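I am attaching a structure below and will ask some questions about it afterwards.
For reference, chains read A, B, C and D in written order, and residue numbers begin at 1 within each chain.
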Amino acid sequence: QKNRVYTSYREMILIEKSLPENERMDFVSIVTPNFLHFDPCKLALENGFHVMCEKPVAFNLDEAKALETIVLKSNLVFALTHNYTSYPMVKEAKSIIKEGKLGKIFKVIAEYQQGWLSENIESSGQKQALWRTDKSKAGISCCVADIGTHAENLTEYVTGLKIKELCADITSFVEGRELEDDANMLVRFDNGAKGAIIVSQVASGEENELKLRVFGEKGNLEWLQSDPNNLILKLADTPKQVLRPGNKYLNAETQLYTRLPAGHPEGYIESLANLYKNFGKEILKFKSGKIVNYEELEFPSISDGVRGMRFIDAVIHSGKNNSCWVII
Amino acid sequence: QKNRVYTSYREMILIEKSLPENERMDFVSIVTPNFLHFDPCKLALENGFHVMCEKPVAFNLDEAKALETIVLKSNLVFALTHNYTSYPMVKEAKSIIKEGKLGKIFKVIAEYQQGWLSENIESSGQKQALWRTDKSKAGISCCVADIGTHAENLTEYVTGLKIKELCADITSFVEGRELEDDANMLVRFDNGAKGAIIVSQVASGEENELKLRVFGEKGNLEWLQSDPNNLILKLADTPKQVLRPGNKYLNAETQLYTRLPAGHPEGYIESLANLYKNFGKEILKFKSGKIVNYEELEFPSISDGVRGMRFIDAVIHSGKNNSCWVII
Amino acid sequence: QKNRVYTSYREMILIEKSLPENERMDFVSIVTPNFLHFDPCKLALENGFHVMCEKPVAFNLDEAKALETIVLKSNLVFALTHNYTSYPMVKEAKSIIKEGKLGKIFKVIAEYQQGWLSENIESSGQKQALWRTDKSKAGISCCVADIGTHAENLTEYVTGLKIKELCADITSFVEGRELEDDANMLVRFDNGAKGAIIVSQVASGEENELKLRVFGEKGNLEWLQSDPNNLILKLADTPKQVLRPGNKYLNAETQLYTRLPAGHPEGYIESLANLYKNFGKEILKFKSGKIVNYEELEFPSISDGVRGMRFIDAVIHSGKNNSCWVII
Amino acid sequence: QKNRVYTSYREMILIEKSLPENERMDFVSIVTPNFLHFDPCKLALENGFHVMCEKPVAFNLDEAKALETIVLKSNLVFALTHNYTSYPMVKEAKSIIKEGKLGKIFKVIAEYQQGWLSENIESSGQKQALWRTDKSKAGISCCVADIGTHAENLTEYVTGLKIKELCADITSFVEGRELEDDANMLVRFDNGAKGAIIVSQVASGEENELKLRVFGEKGNLEWLQSDPNNLILKLADTPKQVLRPGNKYLNAETQLYTRLPAGHPEGYIESLANLYKNFGKEILKFKSGKIVNYEELEFPSISDGVRGMRFIDAVIHSGKNNSCWVII
């Protein structure tokens, strides 16, 4: 309805709030640049609206912590669009590891390679590049904030492990760029596992290659976002396996995230839809009176957002201090 | 001929030397464990025999340097079996980079994943595992010495760059193992490029995955040893390309390293054969009176051997010193 | 709105027709079994509603021809859900061939392999299997009608050629099944090209593998529905190429069928959406007064439907007559 | 030794025969064009030499039958270089089917696509093309004789089934070529299975793509010569599996055909070596007094040769007679 198009988020939130409860909007989706996350999140939450927010959750760690306080106090549903965690084969990967099929996890390699910032396209005004490479809009990081946080979040989501500390080497390869466009990190996990997170926005020739590999004492698995329907599982002394959505051999939980029969490919949009579905289910529970338990949500929420900001801080700090180890 | 089977390398070298020149052996191939490289190399060279030696070239850096002096003084042909550099598609990768098709190199990711040491098979006497995990036979390193040097050598060979410094995180994942079986390294190159070298012998489920990716400002390439006949080239704003041996579109140099028509797969043995062919050609030149120019050999030689030992030293030093940066 | 859910298509069509023009539905989507295509199509068209109909277009060829007369007389928009023709990389394949990049077409191999009818699941009442294997509901063919027509339609759509004649070997592998569940066909095209169409619903282990390969004098291309975002192009004496959606090197026309940046995978749903988008655009043109030109629609329509029925007839006739050549 | 290089096969065979038994050659390898198989085979066998002969075994079926009589009478070892049957993963495929893992076989698709005859290179004197396209040297067939027989032999070897009858469509696509350069065949097997064999030497852009797919009631397998170390196995309701050489999970028999540890790729040369190894073992048995049992050889022999000639005859006859079914 045309009369519900607003000229600002402030106007939207305040006018919607004034509508009768059964007519007003249910939630706000925030897809603005990083420096414009905190204010609309805060306003929405303080006026009773659930929030789906883009990552990284805020402009800096302080904002993220402040937002966490607001969310927890609000008791509203808050989700972060780390949608890559919502692909069916990512759910399956998580199940496989949880069941112990890989044994104790030894090593994790997460990568995210993009090539679109290989040239200084911000100087010719490309909109998406402009704010991401601008300290005043993106915060202290370009590449790590934009895609490194996806790699970090996916790693912790799938393995169930926490990154304990990291050391990083960060670079601005493209001339005239003040924020880093490339970062390589060594990481150590809370269970003793080791690993690397390797991200770049100047990997010329690459599209959008987010890849996760997890190695345990009994085998390893591998998932690649640009080929999301093939989960590769290599168990020791066993033929390599390729698991695909829509098949009976998958975990029951995984089945919930596929809409089509096996062999009918799904992609990025469906991963977002899966995220929104879980978000929506939680809102329905809220409406039926359930109190939100922020520890048990089946989607990334404010704690993941704060963690992502800690990760960014740690990488940039290490990168500027001779790749020292930094606890996150 | 049975009468030329000897009971020791000493006996072999001394008796062969006593044969008439046109009857004696041409060269010695040394495929013993690391602690048994230096002595037979030295004896062979000092008695006038060319040498093909396994990597890493020696037990430690001091031995390697001493061997370098002996080689240079001998003026004999010396080769190191980094045979992975002899695959035709590796030659092609080197040509592509040299021609500048990728532009300035920004980033290199080299990996070598094996799973065969995921369990403590040395404790049950597995011969190959036994000496590689034994400090007194392998030297200060297991995984980095055995396969990390392949990744390092392949990286420098293909890119033409030198690793300037590195920081490393090394681990012995398998209980009771004194040497590392896993290592992750951040590396910096002499041209300003950055990268990572990630190696493991406890990557359970993996066979022998040596993979090199090189990213430049105009595109990237990728080569995987277990699928050696497909060189993947992704240039910016161009369809992904797959280059294969035996085709006219390859560099003339590359053509020298293929024996069969396109579509007839070659593998590991042929890569070794290519290495030996170049080694043999150099011996023939020697016989015709040419003085060996150690800077212009088309195979890894003593300087690569010394460099490999420096690499091992740097990784282990960094790994034991909080992942500090170490110049190599 | 609940008051627009109807108990039959007849009721729906008649009541909707009685609504004011700006309130009534725009078109009817027919996704019923084959024997239930003709009647609702006819009723919809005769009452002024555009139609999107499932394939094969009718229960038999006579019905299809009758429907063709009705469609042409109606001057309404009619589409057939051969949605596989709407994938962006299928559009690109068509462009490449039209531009002559493959030269004269010599050979086409189309396949469609499914495994879901490997067992007699109709006997235990599986709904999708029940009507497809039932002569009174599916018509004279199971496998060829259900998936063979997709292979036939995709072949003619991409190549721009027409199948002139075919010979076929048809089989019911599963005991107790009266209609064929497998068919192999040799085909000849109007330009002299040859080929094969190989389809099966008893290819146990396969999901939904629709694959098209087109060979011309200058090269060939290959597209696989279960990996829809990689179009493989092999030109003579040129590295194999892999073309992917969202890239600037694609034809302008192809770009219209992708919604997301390169590297964000799209799938089956988006191919359907592309089909509906083109269908919708034609309806909008109709509303603005344009007369439908059935020869120039950018989606499969009634002539494709009739052609599909001729194909089914030819295959079954050949299959029952010692694989004689049959003109279609 | 230079004094054993001969100017003709006649000279070679007769002079070698005159040498003392422990000095003379063991066997003859015949790699001449088709019209030059029979005579040297005959002469060698009649003078007591074992024979390894190129495929197809003879110039025509009559010659093949005559040769069969000679072989059987000679009691010498005779092998045909269908070396593709000697890849380790082909041995594994045969084992899997023999064990019944795929259940009853329903369907087989064999393909062999090459592009090297896409142009009339024989007219410019290309040696390999010249005789293969010349009726007086190749016989009645070019493409089917040269590569179709490989597809036929591999099919029967792996499945253990016999082709009972076939119908074929054959074409000479390149102007001025008298023999066929492309053929598509429907086939029926002795167990009721159906299938297709699709071969071409004008598949421009292809190198040497021999591919076999076998579908049974419980699953299917797939092997591709240009990627010989990956055997794909898809069992119903099970993740896709990829079996690779050198692993413990393979059949014991398969292990005999690999020389290197898993992950060290082998190729075409090794497949030939496997063939020669089995041939050599049979010669050793012969030398130790064992009578050759032509039904139990672990390599293709004279019966396969005759069968190949029958296959060629059947395809060409069907192709020239409106694709009628021909029993082979």
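Here, a contact is a pair of C-beta atoms (placed from the backbone, for glycine too) under 8 Å apart; a residue touches a chain by one contact, two chains touch by 3 or more.
The structure presented is a predicted model; accordingly, all values stated were derived computationally and were not measured.
Q: Does A-C or A-D have the larger number of C-beta pairs in contact?
A: Between the chain pairs A-C and A-D, A-C carries more contacts.
Q: With centres defined by CA atoms only, which chain is the most remote from subunit B?
A: C
Q: Taking each chain's centre as the mean of its CA atoms, how far is subunit A from subunit B in angstrom?
A: Once rounded, the distance between the two centres reads 39 Å.
Q: Quick check: how many Å separate the C-alpha centres of subunit A and subunit C?
A: 38
Q: Quick one: subunit A and subunit D, Cα centre-to-centre, how many Å?
A: Centres of subunit A and subunit D (C-alpha means) sit 54 Å apart.
Q: Show the residues in subunit B shared as contacts by 2 or more other chains, in ascending order.
A: Only 206, 238, 240, 244, 247 qualify.
Q: Examine which chains touch each other and state the graph shape they make (line, ring, star, complete, other).
A: The chain contacts form a complete graph, every chain touching every other.
Q: Tell me, which parts of subunit C touch subunit B in their complex?
A: So the residues of subunit C in touch with subunit B come to 233, 237-244, 247-249.
Q: Provide the residue numbers of subunit B that touch subunit A in the complex, in ascending order.
A: 102-103, 106-107, 109, 113, 115, 118-119, 167, 169, 171, 173, 182, 184, 186, 188, 194-196, 198, 200, 202-206, 215-220, 234-236, 238, 240, 322-323, 325
Q: In the complex of these two chains, what residues of subunit D are touching subunit B?
A: Answer in residue numbers: 114, 206-209, 225-229, 244, 246-247, 259-270.
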